[in-house]
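In the part that follows, the structures are each spelled out as structure tokens.
After this come two complexes, each holding subunit A, first together with subunit B and then together with subunit C.
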Partner chain A sequence: MTILLTLLLLGLTVGSMYALFAVSFGLIYNVTHIFHFAHGAVISAGGYLVYVLVQLLGWPVWLGIAAAIPFAALLGAAIELFFYRPLRRRNAPHVAFFLTSVGILTVAEGLFGVIFGPGVLSLKFLPLAAIHIGDVSVTTANLSMLSAWVFIALVVVFLLATRSGRFMRAVADTPEVAKSTGIDLEGTYIWSFLLGSALTVPAMLMYAWYQGLTPAAGLSTILISSAAVIIGGRTGVLAGAIAALGLGILQAVAIVFLPSGWQDAVVFSVLFFVIALRPNGVFGLAFRW
Partner chain B sequence: MRLSVIPLIAAFALVAGNVHPLPLQAQTGPKTFTFGAMFPLSGPAAEIGEEFKRGLDMAIDDVNSKGGIDGWQLKSVVVDHKGTALGGAQAMNQLVNLDKVPFVLTTFTGVALTAQPIAAQNSVLLMNVGGTSNNLLGKPWLYNDQVMGDPLNQPLAQYSYDNRARTAALLTSEDAYGKDDGIAFTTAFTKLGGKIVASETFPLTTTDFTAQLTKIRASNPDVLYIVAVGDTQGLLVKQARALDVKANIVGPLPTTGLITVGGRAAEGFVGSGIAVDPTTKDPAAKAFLAAFKAKYNTVPEWDAGTPYEAVHFLASLIHETVRSGGDPRSGAALLKALEAHPVFQNYLSGGQVHLLSDHGSVRALQLQQVKDGKYVTIKVVQPPK
Partner chain C sequence: MINYLSQILVFVAIFLLLATSLNLVLGFGGVFSIMQAVFYGVGAYAAANLVVNLHAPFPLDLLGAMLVTMALGAFVAALLLRLRGELVIIGTLALQLVFSTIFRNWNAVTGGSYGIFGIARPALFGVPVSSLTGFAAFAAVIAAIFFGLSLFVARSPFGLAVRAQREDAVLAGTLGHDTVRERAAIFIIGAALAGVAGALYAQFIGYVDPSSFDVNQSLGIITIVVVGGLGNLWGTLGAAVILTFLPQLLILLPATSAAAAQFQLLLYGVILVAVVRFWPNGILPEQPSIRSAPARGVRPALLGGMEDGKALLERLAAVTVRTLPTTAPIVRVEGVSKAFGGLRAVDDVSLAIEPGRVTALIGPNGAGKTTLFNLICGLLRSDSGRVFFGSQETTRLQPFEIARLGVTRTFQDVRIFPKLTALENVVFALSSAGAHVAERAGAVLADVGLQPHADRLAGSLSYAEQKILMMGLVLAREDPVVFLDEIAAGLDHASVRALGVLVRRIAASGRAVCVVEHNLSFVWDVADIVYVLDDGRLIANGVPADIQANTNVIEIYFGRGGAPGHA
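Right, the complex of A and B next:
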């Protein structure tokens, strides 16, 4: 019983982190309809920048994070401006966007490997320790993951209460109608890249706190967050977040019933069944932003 | 006119190919002996790949700076196998079919097992300097400069049992290395009277061991036996301690990544591997250890030492082949030389390493413990006479 409780709690925390990754990916995917695999490159870049500023250069942690957030946001926006926008203006097919995105991620992974080495970098300024809640043990990193919901709540407020947020929702729903009402589509795309990319920094720190930084970290996080967005459905960021939370719990608890090596397979089995049975996502229209 | 040149060139190439079947490198400039090396240069085991490469490069520099071996300058083609069996098959096929090398250094159990049939089919001599599985023994064209599964894991089981461990949990990588070494430890530990209370595995690329460690913690073992490579060792011990796994942690072939990534969590870890003796009086071993320390400011571990030894062994095989009038670019000729002289210098602790009839090797191994962020040798196990 203690094992199950521990795994549930761990799944809840890891699922919360996945939820933040899913929201950051979903903000861009839902609005622009680009399967933005290069988001993985932005995720890693933000993490490595914090590592350089805080661990190597000795900046205070808060300052390192404060610098990395606008950096990640601008990097995401730069990808839209210099890669996707030219493709859109030439009416390139979806596959061209996808291949460009994969290409950016691949080049970035190689660059990170050359600059920082292919191994694992530990974030020593984030101490990893056990925290006991009765018989259940979790880590400091796990507890930090619960803060993901604060960021997600802020995103929801932004989407509901600000002009740019309302534009993003409108473009995500029906871009043609949004355009006909005078909404600047390309400006809205930039907003979605800025916001989605900025969110990667806190999410990546939660990830690297526990698992360290590696050049491939961006890919592994983008796989799970994109799967969550598809499973949840493209109707809103909350659908992806709830799906990601479910995947985190399922992945953790699955080890009780399945061999350890099946953890990743569980996520993609769920994805397969959802695509086959509910191609518009498990939540349908239940979570419209 | 332009079109008619093409068949002419093709015909010339064909004739040239028939007249000179040897690689182009043999006909122009100084003689270069090209051989292959398959190391993990990306992925979670990349840190250990860098160590392999240090040993390889130092040995090549040694040989070439002394004028080469019988007029041959050594050159390596290093291919990344990413730590996976599939990567090993791709790397071996490249080395055999594109680079056409007669000799290949291999690392990692799964990689060596995948590469061996390709080596045998193409008469390429394969020297394993990393993989430890018992299943690597007795394979044609594959020889091992490494302590294998049984002798590597028995001292770990004995050490654990002597330190009052009666129950053990296993956490091993999902590859041939993890599986076979796990079996070797289990056999040795249960033979002593110990009991395995949990056995979990993880995919090679994973960096999150939470679920496995949670199950292991619940089984409350006296000792946790892990099989992982490179930085993964460090991540594993770090997460184990953070999840309050209190058992002593042991495992084969500890590397630098255990300490650099694991930090304080690595304290107390006990690992087994090839013995390194910084106080050796053997002149050749002393010279290597001193040169390595001068270059990298650290004593080499086994992962830099075995490629170094293997390249020097290759140089001696080239010498023997040339001396007997053979062509060293033939894998069969190198194999013949190896069978005639299956002995090479032990550069890590002095003396010689003898290759056995099962293609394994006999050499001393050591148990090391992490103390204050450094490896400290706690026991040296000499091979049976």
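Right, the complex of A and C next:
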């Protein structure tokens, strides 16, 4: 029983982190319809920047994070500006967007591998300690993941209450109508890249706290968050967040039924069968934004 | 040195097979698969198990690897290939990750992360191919055979069909092609080729482990295909050579092998982004699968002054239409309805389209005319009611099945395959039936005056020429039932008259013709019987003279006091 509770808590916390990754990816994917794999490059870049500023250069932690957030936001917007926008102007097929996106992620993975080496780097200023709640124990990193929901709540408020947020929802739901009512499509795209990319920094800090930085971290996080967004369906960011939470719990609990090493197969089999059998997501219209 | 070169040659052969397999799937078929490394891996493990556990001799190991990958390919195709493009990307990516896990963990079959060791090289006529140079020659021959087969497939009518469905699956379906099956077939062929590459790899290296078949491998294969050019296998050959040699230069860098791997990743990524951005066609662009025979030594450019589009359209009035040897079926629509949400687009419509006559559907915008066409041709499923072609019910048939019963339809304005040549468009339209397709297609193009443009991409033709090509597809198919959706739109008076003569002639040849039209003077010219739709309901039918005098119809079109004669 304790084991199951521990696993549930593990799944709940890791799933919350996945949810934040999924919201950051979903914001961009829902609004621009670009399968933005290069998001993984932004995710890694923010993590490594914090590592360099705080651990190598000795900046205060808060300053390092404060610098990483606008950096990630601008990096995401730069990818839109310098790579996707020219393709859109050329009316390129969506294959071209995807290839470019994959290429950028590959470049980033290679670059970080060359600079920082292929091994795991841990963030020493985020100590990993165990915390006991009754019989159940979790790490400090796991507890930090629960704060993901604060960020997600802020995003939802932004989407519902602000002008830019309304534009983003309108563009995501009916791009043609939104365009015909005079919404600046490309401006809205930039906004979604800025916001979605900024959100990767808190999520990546949780990830690095929990399992350290590797060049492949961007790829593995983008895989799980894109899986969650597809499983949730393209009706808003909440559906993806809920699906991500579910995937986190499934991944953690799967260890009871399957030998270790097979969890990824479970997660991505779910993704495959959802795509094959429920291509519009599992929730229908249950979660709107 | 010779051993070093032999080793590189083997890898060129392997990557050529892998990239060719993906180019068939992605470049020709338009199926965006990022699981090609899965088929590569499954082929390698299948061959490894066959050789190590069952001591299977060549070529049984190769055939076994092909069979297993084809079975997996068929399974994936059945589940994924009905979906829209980006979901195929994610679905195949998901499978790539699932299989990466399986390769790493299914110890009984894959040996887990240690892999399978001691895979013997094949023996030919009892002589083991053990030397590096010997194996290089063996790999080169295998790769050449399968590359040749791929070229053959790419140039075959099937290859053309695969490219056409990539461009426009709906149009391909209404021309009688089962596009889902064609996509599945090319996907399975691609899987088999990747399986062969896997078998070669396993026997060359002598052991297989999961690291060679991960997602980065799939992305590397995509890079080769994109650099070479989507839809051009010779480009793939060039890119496979270049991109296999290029990373070898990294050995010159003073770095560890782990760092070299990271450099290779970096290099491939930069190449991929740069090629997509600056060189979207790759090394070699797609080529037509078939070219017109030059007319007895005269080069196409010299065949008379190219007539302008308007003159060509007027020439359509002179085109002969072969008389139908049998009687065309009557198309009967019985009480068909279709709603979109709350909107009743077609509401309980019954009508008959008879052979030898031109039946016209008219009505204001949004009256449901094109929706009714789509219901009859199977592009939409009706909510209720039935459709018959002769005695056969077609209500629930797929568009390609209905097309094969002898129906051609055109789409509003112009719809052709812009990235196929004019000749390929006609060949494709004919290819669901009969031999000597190329000659017949050439004859049709000559009939409608497009012979000088036979080898131009249809998308580069003028508007009028595209319209003529579209009518050429109708004439080429010689189907007993013809649906024409607003063919007179956007044309001047003389061209419309010429088209009208042609439409009358098609009906006079014994075919059943149905037109949807906004241009009423065209309708009064060509129609034998006119049905009027308004808000999805049939409100009048009769000969043109009656309809012109019908006060209900006049009101719908012109409000009170108008007159249709002035349209």
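To be clear about the criterion, the second predicted complex is superposed on the first by the 289 of 289 C-alpha atoms of A that agree within 3 Å, B and C clash if a C-alpha of one lies under 4 Å from a C-alpha of the other, contacts with A are read in each partner's own complex, and residues count from 1 in each chain.
Throughout what follows, a contact is a pair of C-beta atoms (placed from the backbone, for glycine too) under 8 Å apart; a residue touches a chain by one contact, two chains touch by 3 or more.
Note that the structure is a prediction, hence the values are computed from the model and not measured.
In the three-chain model built by superposing on subunit A, subunit B clashes with subunit C. By the touch criterion defined above, A:230 reaches subunit C but does not reach subunit B. Applying the stated contact rule after C-alpha superposition, one finds that A:187 touches neither subunit B nor subunit C. Contact with subunit B, but none with subunit C, is seen for A:120 once the two complexes are overlaid on the shared chain.
By the touch criterion defined above, A:95 lies against subunit C but remains apart from subunit B after alignment on the C-alpha atoms of chain A. By the document's definition of touching, of the two partners only subunit C reaches A:279; subunit B does not. In the superposed model, A:139 lies in contact with subunit B only, and not with subunit C.
With both structures placed on the common chain, the touch criterion links A:264 to subunit B and to subunit C.
By the touch criterion defined above, A:211 lies against subunit B but remains apart from subunit C after alignment on the C-alpha atoms of chain A. With both structures placed on the common chain, the touch criterion links A:70 to neither subunit B nor subunit C. Annotation: subunit C segment clashing with subunit B after superposition, chosen from 79-87, 151-159 or 205-213, is 205-213.
Touching of subunit A by both subunit B and subunit C, each in its own complex, is seen for residues 113, 117-118, 215, 259, 261, 264. Here subunit A touches subunit B in the complex through residues 2-3, 6-7, 10, 14, 113, 117-120, 122, 124, 128-130, 132, 137-141, 210-212, 214-217, 220, 251-252, 254-256, 259-261, 263-264, going by the rule given at the top. Contacts from subunit B toward subunit A in the complex involve residues 41-44, 46-47, 49-50, 174, 200-203, 205-208, 210-212, 214-215, 217-218, 230-232, 234-235, 238-239, 241-244, 257, 260-261, 263, 265.
Those residues of subunit A lying in contact with subunit C across their complex are 35, 83, 86-87, 90, 92, 94-96, 98-100, 102-111, 113-114, 117-118, 215, 219, 223, 226-227, 230, 259, 261-262, 264-265, 268-269, 271-272, 275-276, 279. Interface residues of subunit C facing subunit A in the complex, by the touch rule stated above, are 26, 32, 79-80, 83-87, 89-91, 93-95, 97-98, 100-102, 104-105, 215-216, 219, 222-223, 226, 258-259, 261-273, 276-277, 280.
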